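Presented below are the structures under discussion, each in the form of C-alpha cells.
Look at the two complexes coming up: chain A is in both, with chain B in one and chain C in the other.
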Partner chain A sequence: MSSHIPLQLTMSLQTCWRCLSKTSKPPLFSLQHPLQSWLLLPATIAPFTTSASLAKQIVNSPKVPKKKKENNVLKVATGFRKKSKKPTDVGKGRRPAPGERKALRKRVVLSNTNALEVHGLQDIDAESMMNESFRGQVLGIPGRIVDRLRAVEAFKVPQGWALFRRPAMLMRKETLDFGREVEGIARDEKKKSIRRVYVGERGSGKSLMLLQAMTMAFLKDWVVINIPNAQDLISAQTEYGPVPDTTPTLYAQRNYTATLLSTIARSNPSLTDLQLTQPTNLSDIPIPIPPNISLARLASIGSSDPEIAWPIFQVLLSELKKPSRPPLMFCLDGLAHIMCDTRYIAPPEYKPIHAHDFTIIKSFLDHLSGAENLPNGGAILAATSNSNNPVIPSLDLALSQLRGNQTVERDPFAKYDERVLGVFNKGGVEVQTIGGITKEDARALMEYWAKSGVCRQRVDEGFVGEKWTLSGGGVVGELERAVIRMRV
Partner chain B sequence: MPPPLQLLQTGRSIAVRSKGSRPTSYPIPLCLRLPQKRTITADEKPLLEAEQNPGPNQDQLPHVSEEAATTARITGEGGPEIEQGTPVQEVLKRDVKAQENAPQVIKNDTKSSKPKGTRSYSTSARHLAQTQSIINLGPAELEPSGHIYGLPDLPLPSTSHIKHRYDPVVKQVTNLLMQDGKLSVAQRNMAMILERLRTAPPPTADPRRPLVPGAPPTTHLPLNPILYLTLAIDSVAPLLRIRSQKGAAGGGVALQIPVPLGLRQRRRTAVMWILDAATKKPSKGSGRTMFAHRVADELISVVEGKSSVWERRGGVHRLGVASRANLTIRNRRRGK
Partner chain C sequence: MTSKLPWRVTYRLSTQCPRCLSRLPPRRTLQTTTPKLAFTAAPPVDLESLPPQNASNARIVPASPSYFTGRPDSTDNYLSLLALLRRYQTLPTVPPAQAPRIAWRTVTQYRLLVGEPVRASKYHKIIEVLQRLNRIHPSVMPPELSGAMQIYKRDVDPHATVRKPLVVDEDGRAFGVGRRKSSSAKVYLVQGEGEVLVNGKSINNVFGRIHDRESALWALKATNRMDKYNVWALVTGGGSTGQAEAITLGTAKALMVFEPALKPALRRAGCVTRDPRRVERKKPGHVKARKMPAWVKR
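And now, the complex of A and B:
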C-alpha cells in the first residue's frame, strides 16, 4: 500500500489515492518505479484555495433526493418541446483516470526496437568525454546513466529519442570543451565553479547541452540537481505558501521541493555514502532528525513530508558545501520563465508575486549570480528556450551585454526589471551561444542516423551539404526535421 | 567539298550516361512503384502538330538559291551549296561575267591561290571522320572539372522537381488530412503518423486479409514507413465504386452500376475510409499527437487485418459483383 503515490489532500493528511487509506509510513522510494516521469509536478489540490474545499463538499455531500412532482394536476402542457439529445458516448468504454492522459502525453520513450542496432557504438566514459579524438563522433549513453538522467527528467518529449535503439549523443565542440572544464575542476585545487547560460536558436541543442553536462557530471560522480522546466515553478500548478519570518516574504513550494528532494535521492546514489555532519536545528525542522544519517536518507525524509521539505533542502545544500564533498551541478531549463512575475498572487494587495520571491528559484539565482558560492566547485547551468518563453527585455539586455555586445542600448519604451539585471550585475556569468554544428559533425550524425535505419538516403557530400544548408547552417533540430521527419 | 560539320549532334550524344541501377533489398510490387512516366501537366502541355493552323509564312515558294540547287540537281550541273553557304570564290569560278566585275582584292586573291602569311592556328576545316574521332572520347575523359558535387545522374529523379518532391502517396494523404487549408498542420500530422509507424511494433499479417501481392515481410515495414503507409492504403483500396443511376431500372428504381476506379481514386477512397474509422476511435491520451496516433493505429490495424475498413471494401466488391449484370444496359442503349 505504501508503494502507491500519496495524493496530498491537505497539508497534514497523507492519503493513498487508490485505496483512500491513510499511510502510516513514508513511502519507500526503492519500491517505487525508478523511471517515473513528470514526478516533479504531481496532480495536487492546493489546500489554501477554495477549490479543494468545494471539491470536498461535492464529494462528501449526501445525494440530494430528487424533488417529487407535487401536484400533477396543476401542470399544464406548455406546448411542443423538442427532446434534448442525450450524449451518446455510452459505448466508448472506460473513461481515462485523472492524470492518465497527461501521463501518456509526458511519457518519454527512449528506445525503438524497430531501429537497427548500431554496431561499434562506443559508450561515453570519463576518458572519452574530453578526448579530442572523439570530436564529431556519436557515443552511446551507458544504461546506468540513462536511468539517472531519466530520474532528473533530462530527456524531453519532443527530442527524437524514440526513434533510435538506445540514447546516444554527438560529441560536438561545446561538449568536449565542457568535458575538459569538468576534468579541470576535478584536478584543480581552487575548485572553480562554472556559472553559465546557454543561449541559441530554437532547436540548436541548448537543452541537450544541459543533458550532456549532466551526463558528464554523473560520470564524474558529482551531485546533480535539475529543474527540468522552469515554467512548472511559476505557472501556479503547484502549491505555494509563505515562509515564516522572512522579510520581504519568501514563498516556498513545498510539494515541488519534496518531489525535487526525492529526485535528488534517486538520481544521486553517491549521497548514500555522505553523512550528515551537523545536527539539525529543531526550530527549523520540527521533527528530530537522527544524527549521522546519510544525505540520501535525509533527502527521502524531506520528500516524504512536504511540510519540512524546504528546510531539509537547505540543510542538504549546506551539507553539500562542507569540505571534502563532491562538486555540485545545478541546472535549470527555461531561464526566461523565472525572470518575471509568476501566476501566483499574495495578500494583501493580491498582486502577482515576482519569481525571485520563491525559494527554489532564489536559491538557484543566488548560485548563478555568485551571491552564494560553491566551495567544492561545480557548475550552475541555465538554458534559455526559444519555443516557449515570455519576452523579458531585461534578460535580453543582460544576456546580450554579457555576450560582449556592449553597444546594446536600453529601449526607452520597454520596462526593465532591476531585480533581473541585478542577477547578472555581479559578473562572472558566462553566456555561451550554441550555434549550428559543422558539416563534419553533421555528416557523422547523419551516418549514425543511416546506420540506425532511420535515414534511408545515401549519405554523401552532396546530401550532407544540401541538408546542412537547409537546416540553417547545421541547427541540429532543423537537421533532424529535414532528414528524419519531413521527407523520410 | 568536305561534308558540313555537325558538332551539335555529336556533342549532345556525349551527355547521355548509362542509368545507374539502384540496389533494392526486395522487389517492390508493381502497384507500389513510382510511375516511370510523368503525365503532362497543364502548364507544360505542347500543342499537337496537326491542330496548329498554317501561319501566314507557311507553304511559300522556296528560296532562290534552293530553287537553283534543285534545278542544278536535275540538270546535273554544280549548283549553289545550301547547307553551308557558297564561298564567293566558288561563285566567281562558275560565273565568268562576275569575275570581271569582282573587286580588285578578290581578283588578286584568286590569282595567288596559296596563302602568303603563316598562322599559328589552323583555319581549315577537318574531315568529319577525323573530327568525330577527336570528339567521341569516353565520357570519363571528358568529365568537366569545376563542379563541386559532380554532375547529377540522368535522368533526374522525379522527386527533384519542387512540385513533386514528396512521395505521391504521402502527398495525397497529406492533402486529404488537411482541414481548412492548413497544409503545414497536415504535414506535421503526416510526419507524426510516419513516426508512429516507425516506432510501433511490427504488425502481424492476417492470412485471411491478404495484402497487395509482392509485399515485403511485415517485419521490414517499420523501417520504411512510406512503404508501410502505401501498402496499407493499396491493400484496402476498392477496385470500383457503385454508381446508382436514377430510374434506369424502370419504375423510378435506381440501378446500381459498378464503375472502375483509377489508382488515385482508389487510394483516395481508402484514405477517406481510414480517416472515418480513425475519427471514431477514442483518444487514449491528450495533446496534438493524438489524431495522428489514431490514424497510424488504424493503418496498423489495416495491415493486421483487424480494421473495419476491410468490411467496407468487401461490401463494395460484393455489390459490384452482384450488379455486374447491369453493366450491359448502357452499352445496349448506345448500340440502339
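And now, the complex of A and C:
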C-alpha cells in the first residue's frame, strides 16, 4: 500500500529515542520504526478517500490466518474443576486487518446514488464564484475539481457529503467575498497575499470555507498545498528526525513530506507546465536532479524518496516564488494543534519538541506571519477547530486581539507562549469569524436539501425560521443536524 | 322542634366573642351559672314548696335542646343558619358563578373554633346553607346575615390577594420566571427575529441536544411565534433538562404578557402549569428513594 523505504536510508535518521541504544549496530528489521505507518496520504493511493469500489478491495484484502482451535474437551476429569464460563467460540468472525478499521473510519464518500439528482444545479466556475447574483444559491462542484479536492483531502468525513448525489456548496457571503478577493489578486499588479485565520463556532463552516477557498484556487489554476489535519503533524504518528546543520535544531517529517509532495503533484496539474529554472544543489539533495524537469516531476521524485522529500519541498516552494508563477494557496486546518508542544521528544533532554521546530509547520507559520512573502500573491489560510482543539491561551489571546478586541488582557495565571504570540505580532494576519448564515441562505440550503430528498418537510417561512433559531442563528452544522440528521 | 328556637346565634360564635379577637381556639369552660340566653330555662326546682308527685321524675333541664345531640354549639349554629335561610329565602339571588367568591373555613378550622368534634358531613351541610345564603344578591344582603356569615369565613381570604399584572416595560420587554426541578430561569422576551441567548451564549452552545433546544423554545414553537420574538434568558441550577424546561415556563409566561389570548393554546401545549416534581428523597432502609436492598438468604 505504501512504499517501503530501503534499509540504508532509514538508518541515517533517528527514528525514535527508544532506538538510540541500538545505533551502534544495525537494528533488526523487525525492531525498526514502522515505516508503513498511516500518513496524510500514502504515497500511492489513499484507501480512505476512495469510493465504494476501492473500499471493497480493503474488505477483500488477504485474511489473517486463523489459529487452530484447541480441543476444549477435558481429557482427564480429576475431582472438581471449575468450568470455564467463557464461551469457547468467541472469535468466529474475521478480525480486521491492521489499519482496516481506520481506513473505514477515514473513508470519504462523495456520492450517493440513492439521493435524488437536483435538476438545474449549476456548477461553480471562475465567473460565478464572485458574482453577487449567486448569493444564497447552491452550486455544484465540477468533477475535475472534486478529484483535486479529494486529493488534497479537503473533504472531511463528518461533513455529510454522502447524503447527496454529488458535492455542492452554498454561496454564502464569506464565499463571495473571498471569490472577489481571489479575482482581485489575479488582476492586481502588486500581487497581494491574503493571510487569514478563520474562527467561529463549532459547525459554522470553517473547514468548508477552506474547501471553498481551495475550489476557487483550483478554478483559477493556483497551486494549492493543503494540510488537512494539523494534528497529524504533532501527534507522533509519523516519523521524524533532526535536520542536519540547523541551530536551533529543526525536525523534518520525511514520510509526511513525501506524501504531501505526492498530493501536491496529483492535485495541481498545472505543475506539469512549470519547469525547474535553476539546477539543484548537490549538497542539499544528494541525488542528481535532471535540469528543466517539470515541477510535477520534481514533486514526484520527492514523494518517491522520503529521505530527500524535505529538501525537494524547499526547492519546490522557492521555485513557485519565482516570477511568472501562479499564485500559491497554503491551507491548514486545526491551527491550535501547531501552537503547542508536540508529542515528539528529542535528546539530550528528552523533552517535548515545540511544534514550531518542525519544518512543515515552520514553513506554514513563516508564510502566515509574513516572515516569508509570496511574490506572486496568493493566500495563506488557517482554520481553527472547536471540537478538537487543545487549550492554547496565547492563541486565544492573539486571535481575540486581532479580532479587534483590544481590551482583552493577559490572564496573570495563564502561561503564554511567546513563540505563538510572535507569529501574530508582525501584523497583517486577519481573523475572520464565520457565524451563522442568514435566513435567506438557510432557506436556499433547505430547498436544496428538499430537492435532494433528504428533507421531507415542507420548506416554508415558519419551518425555516424554526430551524434557524434551533441551530443557534443559522450555524450550518447545527442546521444540518436539526433538519437532516434528526428524525423525530 | 327547630321552629321554637329563637333567632340568635350562640354567644360562642358571635362576632363580639373575645376568642375571635385573640384567634385562639375556644375552650369550653366549666361553669355553674347559666348564661343569659334566649332560652328560658325552667326555674330551679323548689322541692320543698312544690314537692314532686314522683320524686324520681325530677330533673335538670338543659339550656339548649341541642344539649342532647352531644355537639350543642355546632348544632345550634346550623339551626340558626337554617332559620336565617328561612327568613331570607325570598330575597333575589344571583347565579352561583356570580356570587362573591368566599373561602369558608375548613372543617378542621371550624372544629377548633367551636371546640367540638364536628363531623365533616355535618359541616358540609353548614357549608351548603352558607353557599345558598351567599347567593343572595349583594345589593339586598341584610347586614345581620353578612354578620352571621362572617364567622365562617377564613381569617385570610386567598381570593382577595390579586397578583400584580405583568406588563411590557418601556424597552419592550416582557419578563417571566420559570422553574423546573431545581432550575430557575428568568426570561426576557422582545419582539424580534428569533434570536436566542441563554446566559449570554447562543442556544446551541448551552444545549447540546436538539431535544433540549426544542423544549426550551416549545412555548414559541407551539404557538408559531418562533420567528417573532427574541429570547434572552438567565438560567441557573439543575441539569440540562431542568434548565430547558424552566426556560419553557418562563418564555410562556413572558409570551402571555404580550399575547394573553394565547393562554389556552399554551396550556394545551403544557407550558402554563409548573411541574412541581422534585427529586424524591431517599428513605432509611432503602438504597434510593424506592429501591430496596436485594434479598439475601440469611
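We take it that the second predicted complex is superposed on the first by the 395 of 488 C-alpha atoms of A that agree within 3 Å, B and C clash if a C-alpha of one lies under 4 Å from a C-alpha of the other, contacts with A are read in each partner's own complex, and residues count from 1 in each chain.
As a convention for this text, a residue touches a chain if its C-beta (ideal position, glycine included) is under 8 Å from a C-beta of that chain, and two chains touch if they have at least 3 such contacts.
As the structure is a prediction and not an experimental result, all values here were calculated from the model.
Peer 1: Looking at the combined model built on chain A, do chain B and chain C fit side by side or clash?
Peer 2: In the arrangement built by aligning on chain A, the partners chain C and chain B fit side by side.
Peer 1: Applying the touch criterion given at the start, work out whether A:Glu201 contacts chain B, chain C, both or neither, answering first, second, both or neither.
Peer 2: A:Glu201: touches chain C, not chain B.
Peer 1: Counting only touches as set out at the top, which of chain B and chain C does A:Arg419 meet: first, second, both, neither?
Peer 2: In the superposition, A:Arg419 contacts neither chain B nor chain C.
Peer 1: Using the touch definition from the top, say if A:Leu163 reaches chain B (first), chain C (second), both or neither.
Peer 2: The first partner, chain B, only.
Peer 1: Pick one for A:Gly465: touches chain B only (first), chain C only (second), both, or neither.
Peer 2: In the superposed model, A:Gly465 contacts both chain B and chain C.
Peer 1: What is the value, to the nearest 10 degrees, of the angle subtended at the Cα centroid of chain A by the Cα centroids of chain B and chain C?
Peer 2: Result: 30 degrees, to the nearest ten.
Peer 1: Which partner, chain B or chain C, is in contact with more residues of chain A?
Peer 2: Looking at chain B versus chain C, the one contacting more residues of chain A is B.
Peer 1: Just chain B (first), just chain C (second), both, or neither: which does A:Glu478 touch?
Peer 2: Once the two structures are laid over each other on A, A:Glu478 reaches chain C alone.
Peer 1: In the superposed arrangement, which partner chain does A:Arg343 touch: chain B (first), chain C (second), both, or neither?
Peer 2: In the superposition, A:Arg343 touches no partner, neither chain B nor chain C.
Peer 1: Which partner does A:Lys322 reach: the first (chain B), the second (chain C), both, or neither?
Peer 2: neither
Peer 1: Closest pair of CA atoms, one in chain B and one in chain C, after superposing: how far apart in Å?
Peer 2: Minimum over all C-alpha pairs: 5 Å.
Peer 1: Please write out, lowest number first, the residues of chain A touched by both chain B and chain C across the two complexes.
Peer 2: 461-462, 465, 486
Peer 1: Which residues of chain A touch chain C once you look at their complex with the stated criterion?
Peer 2: For chain A paired with chain C, touching residues are 201, 203, 439, 461-462, 465-466, 468-473, 475, 478, 481-482, 486.
Peer 1: In their shared complex, at which residues does chain A touch chain B?
Peer 2: 92-93, 96, 100-105, 109, 112-116, 162-163, 453-454, 456, 461-462, 465, 485-488
Peer 1: Please output the residues of chain B touching chain A within their complex, sorted ascending.
Peer 2: Per the touch definition, chain B meets chain A at residues 149-150, 165-166, 170, 187, 191, 194-195, 198-202, 222-226, 282-287, 289.
Peer 1: Which residues of chain C touch chain A once you look at their complex with the stated criterion?
Peer 2: 193-196, 202-205, 210, 213-214, 217, 221, 224, 226-227
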